[in-house]
Amino acid sequence: MEELPAGLRLVDGHCHGVVAGPLTEDAFALLATEASTPAPPGASHLDGPLGLAIRRWCAPVLGLPAHAPVAEYLARRTEFGADAARRLLRAAGLAALFVDTGIRLPAADWLDGDELGAAAGARVAEVVRLEAVAERVAAAGVAAADFAPAFAEALGAATRTAVAVKSVLAYRHGFAIDPSRPSRQAVTDAAGEWLRGGAPRLTDAVLLRYLLWCGVDTGLPIQLHTGFGDRSLALPRADPSLLRDWYELVEPSGVSVVLLHCYPYHRQAGWLAHVYPHVYVDVGLTLGHVGAQAAPVLAEFLELAPFTKVLYSSDAYGLPELYLVGAAQFRRALTHVLSDWIVAGALTAANADRIAYGVAADNARRLYRAPVT
Amino acid sequence: MEELPAGLRLVDGHCHGVVAGPLTEDAFALLATEASTPAPPGASHLDGPLGLAIRRWCAPVLGLPAHAPVAEYLARRTEFGADAARRLLRAAGLAALFVDTGIRLPAADWLDGDELGAAAGARVAEVVRLEAVAERVAAAGVAAADFAPAFAEALGAATRTAVAVKSVLAYRHGFAIDPSRPSRQAVTDAAGEWLRGGAPRLTDAVLLRYLLWCGVDTGLPIQLHTGFGDRSLALPRADPSLLRDWYELVEPSGVSVVLLHCYPYHRQAGWLAHVYPHVYVDVGLTLGHVGAQAAPVLAEFLELAPFTKVLYSSDAYGLPELYLVGAAQFRRALTHVLSDWIVAGALTAANADRIAYGVAADNARRLYRAPVT
Amino acid sequence: MEELPAGLRLVDGHCHGVVAGPLTEDAFALLATEASTPAPPGASHLDGPLGLAIRRWCAPVLGLPAHAPVAEYLARRTEFGADAARRLLRAAGLAALFVDTGIRLPAADWLDGDELGAAAGARVAEVVRLEAVAERVAAAGVAAADFAPAFAEALGAATRTAVAVKSVLAYRHGFAIDPSRPSRQAVTDAAGEWLRGGAPRLTDAVLLRYLLWCGVDTGLPIQLHTGFGDRSLALPRADPSLLRDWYELVEPSGVSVVLLHCYPYHRQAGWLAHVYPHVYVDVGLTLGHVGAQAAPVLAEFLELAPFTKVLYSSDAYGLPELYLVGAAQFRRALTHVLSDWIVAGALTAANADRIAYGVAADNARRLYRAPVT
């Protein structure tokens, strides 16, 4: 396999909105890292694998040589105005984007709906973040005793045309939870405490579990943040293998669970996809961030997971560059891994093509039942 | 090293019986996965790394091209009848098989003793599964107060000609246990409770610890399931580094401990083999399952473990194919890793040969004191 | 990048003294392993990746072919007398050594100060081990109520010219601790108990936390042992991601934290360096020990960590060989990784040079504010 067929457009199964226009270097750098604070003096968040990947893949799309210096790249990006975002998004070669709308920047030129799809030349569908719906319900005013039905109703309304729901339990509490569906009384009690406190960022384990189980009730696939992210999560509690008892309880519902990101627990995630019929793995944030290591890391994702249960997403957020970097790294890494396997005699070119089309798009189409052509 | 010398026959230090005759596609697929349920509609358990490896290595042994389609392969396999198993087993190139007889399918054509050895052209010796002996003792009828001596006696009888004992503590409870030998009274109490409940699948931590310590008393090496397997284990509790306090307590006995499988904790296992004189690592189930990734995964096993303490096994169960896939993947991966190291100048061809013979057979011969020539 | 520029001298940011003169084979082997007991009969601690690396890199420095047999190498080493150490240390190509003086062998020819620097042709600065200072304070005689100020004063005196402090919390207790600074009363109480017991090896969690916080008070970077080492640590409790709450609390002080060794949790460590502005990763003990796998393991260190926050050290202890092996493996691995990345188009040669100079020396110079030219 020389490279993925040029006509193979990806389904990006988990992503976010972007700022359409120019950004300062500081703002740009903070969107190109999982760090939350400016880099120390003399350093830059762009001095790492993701920074190199941005310069490699994005500079040519704006007419600069690959690896052009950051300052030059940002100047050119500003010259292009909103057209930069359009070019970068188009270059990602996407068939569809499934956008988690539960987090956004307060930017006037934020794109996350049809305009994002138009810019990317791709279909858009929504992924509904459970915790964001709960926080909206609280913000709108609700009595503790009404929280349970009010959330369920709001989620039903929010997911009417959605393709999946999404949980950030990993950030809010971690995976060491009682896996069972909490009782109505327990939810009311927990909601009471949360609402009395002014409904801050939701971290109560009972409520988070309730949200998850309402997610199951929608019948849609549930995307779970697992593995690394920003520093507001405790990494050891984001190991997806800690949620085994919950996967067991969910299985009879027929609902699918998608483990996003996973790194550095992606081998654990692959095993979960191997033994649980309803568990899938999605490379998510990982391949963009690990730069030139994308191929060996992707190969590790593929050690135990059935090829029909591995998915692509970029987790792009804020920068249109992250759509392109995710897609380009994924295409390159998948080509690299499958070519190596063909050369080693491990599979035929026809097998490899089927795996490539599956991971790039067909597995997502089947899972999310999305009308993507 | 072009490849392992053709005459180098492997000692397969941990394996199981096989079904000698034809199988339906569904039955075949369920034996070629750690999943316990049929694949979802449209998917197949053979659509993964192990499925590819079966088609690669086994089809030629039955006169088909490598990577022949599954349906064609299974048809040919049926034509060959019991001869298919014999051909596949022979092709594995084994000097000896150490068979865990504690788990089997209720198939009339199940092979796990001398017939298996005859089919493979290899010596056979037995590995005695501790939990299976305990469950037999209970099934035969025993008073709670007699359980402790009755088990010890039954184990003594069962291991008279065995080369090792085996524990599935990882499946039954996980490694977060009190490492000490339980008191006679504690065993009697726990046995009472277990027996009163009808002696179901043994999961009581006190009894499992008692079994382990009786295993130590046999003086034979103790094989431990560690790392991945089917979904009845909790992966984080199968990390072999959690059993450190038990390794400390076992050390004075002079008994050796073999960590089987290990993935994705094989680096942890390598460290244990590095620092504990009586701890060994065995690639087990892993290399067959990870398909084309067998070489990098094997290399990770070799990062810290002394070369004299790394062992080969297939963990084959049910399908004769798994004997061949395990052996072929191991030969190819070991050749690949050692060749790369020679080319990089990291060792000489003579060093590499000694490592290869050690890991493939000599380390097992020395450890299990098995009369294998 | 063909190889690191010959003139690029490394800063070895964490190392120890060495025995300058000849050693018996048994003594040599025990210094070339993290095992604490002699190898089983018929085996040798040199039969592993580190043993191969010693024969590869050190034999030529003593005029033998690479991979000369161990006996021949040791005979030649004895012939050279103290000159062997000098040759091996020089061959490491070091600009500076930061020596943890808190652990040493009772050998008359132990080198760990200016003499070590002179032998290596490099500057030497000290890293002060917190636990060793505490044990000295206790040995000198102190009342429980005076322990807190006496330790703080002794640490102040000990670090007057030091470049860093070092904690072995991983060995003494593990990372599952209350991260907060303990109260004066709690320290006095814990000191009372410790001193009444004769002040054995310090393992009390309150005192260890107090030491850490006094380390923060010095303003110097704090080096933490993380990941593998000898068997006196419990590996799962040495995962640096377990200390997250402590990193959060330390951050406002402006003090930097250096995660040493890290393996097999080096991916976790890389994430910590990515998200925490004051956290660094140091390859430490790892690259020497993993032999021919040094390049893939180093590449894993570089998956998430900013290139400005990755550091080199050897953790050499006892054998001058370990200085050379650490340095040679690091140079080779870094060259290999960066060359592969250049070939793959992931960065330019100029980028690669900057990364190489940073990781090899410049990052350490900046972090430790050391006057190294």
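For clarity, chains are labelled A, B and C in written order, and residue numbers in each chain start from 1.
Going forward, a contact is a pair of C-beta atoms (placed from the backbone, for glycine too) under 8 Å apart; a residue touches a chain by one contact, two chains touch by 3 or more.
Predicted, not measured: the structure shown is a model, and the values here were computed from it.
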item	value
Chain copies touching (subunit B, subunit C) - same or different residues, decided at half shared	different
Rotation, 0 to 180 degrees and nearest 5, that superposes subunit A on copy subunit B via CA atoms	120
Centroid distance [mean C-alpha coordinates] between subunit C and subunit B, Å	37
Interface hub residues of subunit B, defined as touching at least two other chains	296
Sites on subunit B touched by subunit A in the complex	33-37, 39-40, 42-43, 45, 47-49, 52-53, 56, 66-67, 228, 230-231, 234-236, 263-264, 289-293, 296-297
Residue numbers on subunit B that touch subunit C, as the complex places them	239, 241-242, 244, 248, 267-268, 271-272, 274-278, 296, 299-300, 302-309, 340-341, 344-348, 351, 366
